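To start, the structure under review is shown below, and the notes come after it.
Just so it is clear, A, B, C and D label the chains in written order, and each chain counts residues from 1 on its own.
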């Protein structure tokens, strides 16, 4: 099996040479201590299956507190399922989902949204900084108005985006307005939702229902869990019978408590936020560390926990030889590093040092 | 209900002003006399349902003779179904279908292929003249090789293309070669297959299985039937259980003889070819007729029965006021005219005259 | 290809022996003269595609008059599609459809409803006379109330039923009440809707929306068309975006006028009703004709145009040898005859005579 | 939320009265120590995502050793997904899956198999002891041979069955033979595969590919994991592109090592077998313990880890008041207890004592 990649390729062909050092994605990290604490707790005694345990309702209530509203919470295994199920609940097979051309649902779910919805078409838009704009959305809606093309029904935004940038609250509000104009629902892919909250210093409520988001997929996996995403509906009607949808689609865990209890570890004491802040800080440290390395360019504003760098091919090879794992960004010649809750300053500093060395070597050639 | 359109808009808002004159598509024509003859014949007595009548096998055998091989034939109602079912038989939900960016399956089936296949993703390519190239196909296959993106499994080519151009036999052969290299099946959308055969002066066999096509969707509707497309499999294994697929998908006519018998009208005496030749000749007449009208440009080589013209907006409006129905070609400022088995020289000449008048008026303004 | 059959087998193995005489189904008849008249009319000149012609709106309006309400009408090709699309619009993939165990959607659509809805489960009930009862419906709803089983969402009733019986208006009303109690929509498979109206001597309005039906699939094919079913929504909200659903699923005819115009032939002058009355009368004639043939039993009350008879195996063979085509009813030893708009008294009388002869021969053996 | 149940109802309404005591299912138990050991191990350092870690290949190889063949292994999250994906890989949407009427895929997956396969119909058979028979399978295949009904393509057997009985190797072989006769694939739902191996004292190889099984879904969850089922293909061709299918369907874990590493805990030192043996022994202990309690009847042979008892309603209530959780078996008046890797003799003995007390109380009333 080769390393699965997105619109990019993990450069791990040489991991035999040196011990791997993981910055390819925030999903290479493990379970954070607070989540593990609850996982062990939940294992201390038997409990009812399918979410009827003592942990699941507790975790759901914690979400309601966090979001300051009586929202509906569903726990599923992973992000493909969370996004695909949420979208399937918002549209029928003949509807379209407007998303950015770099959106994960378009580039890295192997047709998951189309599968779960039985054919909804993704309608990608190519706008700057990995972010949808009101104009971009409107152009997709208005370019066709006939039944021979899927009718746009949902706008899907990723916060933080695939290139590590952020929508401001104003930008979210503007998207809500265009969505209202064209009768669209708003879905937020929150694979890195925590990092966005931390970076913008806004509350989860402000960044979701107060800004017009109908459904959020909040990733726990990338924030320190083994598995587990929370789908948060802010409109009860949209969540109608959603538990059946999850069950039918293979996303109802029998031992649900091993998903929900660890979420308590993240939610209590705002560990989710601390984890995200740390990851963001490490990304910032990396981007600042490379600022004065000649030949290395930061490709996008570093607003969350991802850093995209343009690095010469020969320097990329040097990094691989040093054991660094990272994705390359097709067509751009860039590389991606993602920081996580457990990324250490030492690791970042070592990467900066290796990058400096890599570029220095190149110049000597 | 507004006029359904594709990547274009029927300009029929003013059809109250003048009697409509139809060149918007070859599907505005009716049933040709030879097809009608058989339709009436088939109605003379009762017969078994679901294709067990005396006409269906006869029509299927006629196809086998026409294609000079023991192919499998299935009759369905329309092109959306024909293409979508054929593609669904070639790929699984997690596979991808490489097609041109202007392909009808991408732009005008409202997600039909994704629906019938339960999620197969169309992978569009933008190459010149509406035609796929071996390089374009290869680039789609090779840009990703991971399980996070649908695995390409089919190349779908449209012959004649959506912009009225044609693949030569050599071009088809080159596509077969790249398909073999990457283990891809080749599907041909033959919405205007007859026009292509007529224009290239090649046999149906030469343009399909001899050129490496695995499955053809041969349109009868655009060639003079009321309804009815023939799906032709040149590989028996690919057709396995396909009759069940048609039935489940609502494409098995109970009174099948009213689809299959009219096909005999097209197939006997090569009426299909005569119809296509006539349509092609009318398209040629139109393109030649406008050649020396200043301000009108022919946008693509006129190789089949479609003519795309660049016409100034004011002149387009003049045509509408005269009752002409046509599609506009979004983003190009162009208009499309399609000729059919019953398009008359008089009609073409009237259009040319109106175009000349339209441009003359513009110049006076 | 063998004759496709349902829960039964067409006995046509010997049709070479004698000229076939068709009573296997009402879909072995052709196009009635009034429908053909309009088909020919619609072919007299070109027209816009996809239902934007002059016939389609006219036919839709005629339906609105017939049903005495502002309903929404969609024309599709056949019954599999009509029922499956209507059901798909009423339920999600994780919902269940309560139907009779003998319902066509359960026994003869090759999984069409499951396919179009992406997995909705049919929940069959076995109650007498081929008819659902309020108790039967309630028992399905109440036997499970957990998310591990599809949630019932629709009741589908067939009027007339698969065994030629009818729901009275009171029975329909009682089903509506149980549907309301459990938040279910009511779908009516009207493959033989005309025959039911004719037999009960009630109006289309009385038998549908006034009796609580949400969506009706009204078959034109069995009533005298070549193809064409009308899906009639009595609730506009349920019909939302349904035109996209039809298009995506391959059920939007480009030359729509050849479906809709012939409907005018049925609707004008109540030809649909006359056709149905005739078919019903022929069924009655058959059932009365066999009344005193010893050894032949009428299996179900003959309330519409189908007659189910218990006939000894040897007598069945005699009929086959005489060229009669009919279905056998598995597990019952019965045979089915269905009369149509063009079934003649002569044909019925000949069948009665052959049946009498068949039984007489048996007694001699 | 009420306790989700199958064809039965968890009797937990009174769990407030006494501390719950869990015998409702083997999925109320937690993670066994050996699995937890590896989960903690896998968390000690970061690793590549999507199965490219150091644990996944190791676990897969362990399966190959266990099954004594070069099989293909895929890890997914739960049983709904495992069975549904495996079935979807064996059949197309218009195919049928023959299964027992009590099979979990029929009664408790909320239409999962129909959803993942886009419409394959389950064809249930009602034969004794929860087990399919060659005659039952043959009867489904032969009762229809037309395209109006899904073509049977797969036999799905559950080992151990839903009622705790087992297929002998001879019975499996006989099913393989009828499958070969009708060109059917054989799928084994191994939700309690380990218990079956332990009880029959046969090897995994003997009970699968040597007995003609094409695909096995081996449950880890019920054997001591938090989550995780292994889909084992014994025919490489059937597994073609299956990794794409898993990804698209939301069953590819990014932090895969937390599914695969714990499997090592089960596979090493045959912990899977020891866990199963223990559970089976506890079931045996329960069935023997109740043998001489008058008024309690064992409903099915206790061959694995489930015990079905007929218990008077009043006695059931007594048990509920004591805190016992169990499912009731609709229409039978029975109750189900399932033992697990951590069910203690003390717990079983307490249940037996409470049952004895419950029946004694009843007799006093």
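A few remarks follow.
Criterion: contacts are C-beta pairs under 8 Å (C-beta built on N, C-alpha and C of every residue); 3 or more make two chains touch, one makes a residue touch a chain.
Note that this is a predicted model, so its numbers are computed, not measured.
Two chain pairs, A-D and C-D, are compared here, and A-D has more C-beta pairs in contact (counted per touch definition above). Centroid distances built from C-alpha atoms place A farthest away from chain C.
Centres computed as Cα averages put chain A at a distance of 34 Å from chain D.
Chain B and chain D have Cα centroids lying 51 Å from one another.
Per-chain CA centroids place chain C at a distance of 42 Å from chain D. Under the contact definition stated at the top, the residues of chain C that touch 2 or more other chains are 2-4, 50, 93-94, 109-112, 115-116, 118-119, 147-148, 150, 243-244, 247-248, 252. Interface residues of chain B facing chain C in the complex, by the touch rule stated above, are 1-4, 10, 12, 20, 22, 24-25, 27-31, 36, 39, 42-52, 57, 76-81, 84-85, 109-112, 115-116, 118, 221, 226-227, 243-244, 247-255, 258, 325, 342.
Touching chain B in their complex are the following residues of chain D: 50, 92-95, 118-119, 147-148, 150-151, 241, 243-245, 247-248, 252.
By the touch criterion stated above, chain B contacts chain A in their complex at residues 2-7, 9, 93-94, 96, 107-112, 114-116, 118-121, 143-150, 330.
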